[in-house]
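Have a look at these structures, which come just after this line.
In the two assemblies presented below, chain A is common to both, partnered first by chain B and then by chain C.
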Partner chain A sequence: MLVVMGGSAAHHFFNKGGLKFMETNVKAGSTENKAKKSRFSSQLWFIWLCLLPVIVLVLTFTYYPVVRGITLAFQDYNLMHVKNVKFIGFDNFKTIFHDNQFILALKNSLKWVFYSLIAQFILGFILALVLNKPFKGRGIYQGLVFYSWALSGFLIGLIFKWLYNSQIGVINDLLLRAGIIKTRIGFLSDPHWAMFSVISANVWYGIAFFAIMLLAALQSIPGELFEAADIDGAGWLRKLFNVIIPYIMPTIITTTLLRVIWIFSDPTLIYSMTNGGPAGLTNIVSSFMLSKVFGNGEYGLGSAVGIVMMIMLMLYTIFYLFATKSEKAGDF
Partner chain B sequence: MQKKLLVSAKVVYLALHAVVMLFPLYWIIITSLKPQKQIFSSPIHYWPETLTFDNYKKLFEFSNFGVYIFNSLLVSIAAAACVIAISILSGYVLARFKFKGHKHIMFGFFLTQMLPGIGALIVLYKMMSSMHLTNHLASLVLIYTVGSIPFSTIMLRGFFQRIPSSLEAAAMIDGCSRITALFRVIIPVMLPGIAATFIFAFVNNWNELIMAVMFIDSEASKTLPVAMNSFVMKFDIDWGAMSAGTVLSVIPTIIVFAIAQRFIVEGLTQGAEKG
Partner chain C sequence: MGVTKKSKYLYLGLATTVMAGMLSACGGNSNDSSNSGNTNNAAQSNNAGSTQEKVNLRMIESLTSPARTELLKASIKRFEDANPNITVELISPPFDQADNKIRTMLGAGEDLDVLEVRDLTINEDVTNGYVENLEPYASKWADYATVSQAAKTVASIADKPYFIANGMYERQMFYRKDWFDAAGLAAPKTWEDVYNAGKKLTDPSKNHYGFSFRGGPGGNGYVDAIAQSYNGTNLDEADGHFLKDGKTSIYGTPEAKAALELYQKIFKDTAPADSINWGFAEQVQAFTSGVTAMLMQDPDVIGVLNEKMEKGTWASTFLPVGPTGKTFYGIGAAGWGMTSFSKHKDEAWKLIEFLSSPAENTAFCKAFGLLPIHSSASEDPVFQEGPYATLLEMNTKPEDYIPLKPNYSYTEIGDWGDVVMKNTQAWLLGQASLDDTLKILDKYWQDQKAKLAK
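Up next is the complex of A and B:
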């Protein structure tokens, strides 16, 4: 739609300014070299002037705090005693790596990211495939089911905490009525169920993201590709693996890359749903860090956890882009 | 025959998916409209016997809920407007020119997505308090603006790339400066993309919890997520009031998102696919 608008407006413009266009072209001939040079430097001015606010703001309020935060990780910075903060070398890192709760959170993070991602991706992909062919009411349907993406993890955690409530929760009630269970399950307090419960809420949250992105990619597949596959007599499954998936691979790579980063670093769903409980069984690294900072004011320890997170994300990204041959991914 | 089977399988799948997606929303709305007694009574009523707005009344009587809503709107709109004003220029320049440093800046933006925001939280807090901005909504406007700059720039860049540069070339030949051409010719054409970017930033700001909890604790400056966070501690078991608050927090984003969904999708996929 945008392209069409842009195109027609441009056309209109050229018709109007056609005469002048030719005049300026003639004039430009004699002083071309000089003009080119001065235009080049004024253009550079313009470019950097436009970028200046962005660069200053991002450096000051994103990069500086992160870099400065690194030094905190080597101090015994604690809200309880802010007066005499000392540098303590790697003690904070030693502390967290000797903390069973942190090790548990590391393991949980892997589970959390892996299962959330797989389920979100598969369900989102199926939905995108089903929605790919236009039908009456498709737009309305998308408007109805994609909304979860606009909510915050914090509120989704609250909503699912209520749905999964062990005494008066509606999920227990439905399962009881259907005869699937005999007694109510403590979805958020039972160690066997807690992780499943938070992951299921997270899956619910993220299906829309994959469906939206993959659907957009599917829509961009040129019809000729399918025609060619039809002529070859390819079945549905072969079309999926030989035509569809290769074509949308760049989108798959970029979306899974970004999604893993987001799932890994957002603590808010877990924070509001279980706050890491029972006994740290649903704590992931980011919610562990949040509890150190919010709960105890242990800023030094929290920063050390932050650095561990950052290193993990960097290693992951490098590995991921290497494994998927980075040139296939978009630049974002 | 096989085709019919496939179509009905699709219909069943879509119906199931819709139920799973819509039921939680239905349930939180219904809970918020139930009288206190019915919320905690067993068996559960899937359609309440009586509907009431008591939970909403309570919310506004026992807290400054109106103030929280106003603050959230103010911060979200102000920060989204700031980010658009700033990112239009950077997005435009990054879409139209190849220059030394272009790649580095794009990489710098990409990298921000990988830095865990909470890692910077503590230092940001110290910066804000040294600027005397804690408990001021200005702190949130500033942080949210900066937070959405990378994403908005990349999104807007994608929209700019779709508009042929011949458009402003023509205007410039007509005697416009580049800046006038940008604002008089390009931006009007790009309004849907700008609206999408604005709404995307708005929704993110509206939802943001952690920075807000860190910087704000005075009643007068609380935003909705901060208020909801303190409700969780205050009336943990009052699910009537909690769900009323949740519904009020959720409705604006759902409406706004439904309106802008198509443009947001276009913007995001542009960012993801164009090199």
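Up next is the complex of A and C:
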């Protein structure tokens, strides 16, 4: 306050007996400040106390596993000989990058993510556009379409495994009966079909996610925009590319970002359908990690794969957000 | 802040409840165990089992199947009736994940008293100090005298028993007798016969195939079997992956190449393409559902075959032999062991002893389809006829059907199944040559041997 008043004004203030007044005020102020401070500090400990369960939960279940996982990646930690655990530097990383199966899993992961995402997005978007128009029984239809998202990936994998079974699977049976094929196709064993088969199951699984999210975004587009487009004589395609897509772009960016991360890191479908086989042709990085940990008990190697996955996803996220330049990503 | 005194107490109460909940959830097991530990100490000080203090045993099985779990539960019920102060909590993880679950529980030191140890896991369990040496208990057990030598050998390391087998696994060949008769074929005796008969019976248009091939998990047992048969008398019976010279692995010989060439023909000409991924369930199901004509399996499938197939449509025969007229088979077993950190060791042994008694073991093996561990039980008429008869008869010809002694010296072969599966799949699909595949398999065992020598 004194600084703001400047030198002469302050002098005048003191000469006019303002000092006494101020002293009284300062005293009163300091008592008030002390009271405020003590109230604030009593509220502060209360805030921390209320936050404590969450802090403990996050530290225990998020940060501790991350730190432990990073530590394991630099250890020779194998369940076959847990009494002989030792730090081995970057050996686990060297091992996985010299493993042809890991390189194959990396390539497969790119195919797996790319084709799954494209098909899920296009089909999910079409579904959302269809469901955006009111028709009789839309609610029931929506429920039926979206239920796949409520199922466990493992269960979906088992269902598709039996559908694609070459001996007793429905798909082979229907194709044979329709005369489309003459001999049964080993959808999950033929190197030419295996990846396509697991991707198709993943597409079916993920369509509902895009349909739900994009439908919500479509329903938030103001009707005036379409009216204005109609007045300008815009056709359906023009509306799609000049009104709909720009308006829901933040949702598209966020959903595709999230979906890539989920598809990349979710091994459940692969694990239940082919377990990465035949000959690792359907193995993706996350199922490769699972096989190292649960198949061979090689927690050190598995953790090293996990670190590589984490770095890849971080780089992807930074690059993607930078490339899309969307400061509105996440704004549904 | 705008927080009233009332809501402040409310938040505080909520936070305390959440914390208390978390702490009790985290500490639940240890509290239980410490309580039960005290109970056990009390029980021990009063001569174990003689007090009315309740003891809860935690037990986990590995070779889970619904039918087997029911049999186990019935046995446990009889045990609990006979020992009212002991209750048993049976954990039955799905078969495919059971060993990993057990491994994880042991690694985390979770409360566990009795576990199913397998011939495949005994080595790591003992190396890691997870399982208790049962010698002090077995030496006082009267019925241990009738346990067969094979059952004792497979469950021991350095002559110390670490589990009591609950049944013996020994492969033989099951075949569709009706298909063989209709085609005028005799039961296969050699691996060549398996191929020739399989090829004749294969008709993809009818969805009929010759052989239940297993290219997925567990397929290494079949690759080993054919390679061992073809190496014949050169094989070291005490170290089944090496020849008698102690240096050459079974995959480093011209015989192994001939064996795997035939193995590839069996896959291509007599088995469905899907079988490259098949594990136990698919392999057995293909046989029971009338897709395949031959199945090489342990006797634990006998129950399923009896249940799902018409009598007279199938029969059993000996294992196929190699060109020298000899074949080798491992005697497998799983059984009940005790964790080294169990707080209820006396009660745990009581349960193991009960489940392994001649009456319980014979009933379990009869119902599930295993060879009993007590020599006295083989006199039972059930084991003298049908599929068991061929198995027992095969055992009477050890000059041609040679049992392999379990070798637990290799401590790091847990990934052998995975190595065989991925490399043989690549070769069978034409993505790798046989020579390269053999080199990989040979190198694996040479590396293991080198580690052993260190």
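The working rule: the second predicted complex is superposed on the first by the 277 of 332 C-alpha atoms of A that agree within 3 Å, B and C clash if a C-alpha of one lies under 4 Å from a C-alpha of the other, contacts with A are read in each partner's own complex, and residues count from 1 in each chain.
We adopt the following convention: contacts are C-beta pairs under 8 Å (C-beta built on N, C-alpha and C of every residue); 3 or more make two chains touch, one makes a residue touch a chain.
No experiment lies behind these values; they were computed from the predicted model shown.
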Which superposed partner A:Phe294 touches (first chain B, second chain C, both, neither): both
Per-residue touch tally on chain A - higher for chain B or for chain C: B
Which of chain B and chain C A:Ser200 touches, first, second, both or neither: neither
Chain B versus chain C as contact partner of A:Leu188, first or second or both or neither: second
Contacts of A:Gln120 with chain B and chain C, given as first, second, both or neither: neither
Touched partner set for A:Tyr141, first chain B, second chain C, both or neither: first
Chain B versus chain C as contact partner of A:Thr255, first or second or both or neither: first
Partner chain in contact with A:Ile55 - chain B first, chain C second, else both or neither: first
Touching partner for A:Gln101 - first (chain B), second (chain C), both, neither: second
Partner chain in contact with A:Phe154 - chain B first, chain C second, else both or neither: first
Shared chain A contacts, counted only where both chain B and chain C touch the same residue: 43, 46, 50, 53, 57, 168, 294
Touching residues (chain side chain A, partner chain B) in the complex: 1-3, 5-7, 9-10, 13-14, 17, 20-21, 24, 43-44, 46-47, 50-51, 53-55, 57-58, 60-66, 68-69, 72, 77, 126-127, 130-131, 141-152, 154-155, 158-160, 162-163, 168, 170, 173, 204, 207-208, 212-213, 215-217, 220, 250-251, 254-255, 258, 261, 265, 267-268, 272, 286, 289-290, 293-294, 299, 302-303, 306-307, 309-310, 313-314, 317, 330-332
List of chain C residues in touch with chain A within their complex: 1, 3, 8, 11-12, 14-15, 18-19, 22, 97, 100, 103-104, 107, 124, 127-129, 204-205, 207, 215-217, 272-277, 286, 289, 291, 411-412, 414-415, 418, 421-423, 425-426, 429, 431
Residue ranges of chain A touching chain C (in the complex, touch as defined): 43, 46, 49-50, 52-53, 56-57, 78-83, 101, 165-168, 183-184, 186, 188-191, 274-275, 277-281, 291, 294-298
Chain A contact footprint on chain B (complex, rising order): 10, 13-14, 17-18, 20-22, 24-25, 27-28, 31, 39-40, 42-44, 86-87, 89-90, 92-94, 97, 99, 105-106, 108-110, 112-124, 127, 142-143, 145-147, 149-150, 153-154, 159, 162-164, 166-167, 170-171, 173-174, 178, 185, 189-190, 192-193, 203, 207-210, 213, 225, 228-229, 232, 239, 242-243, 246, 249-250, 253-254, 256-258, 261, 265-266, 268-269, 271-275
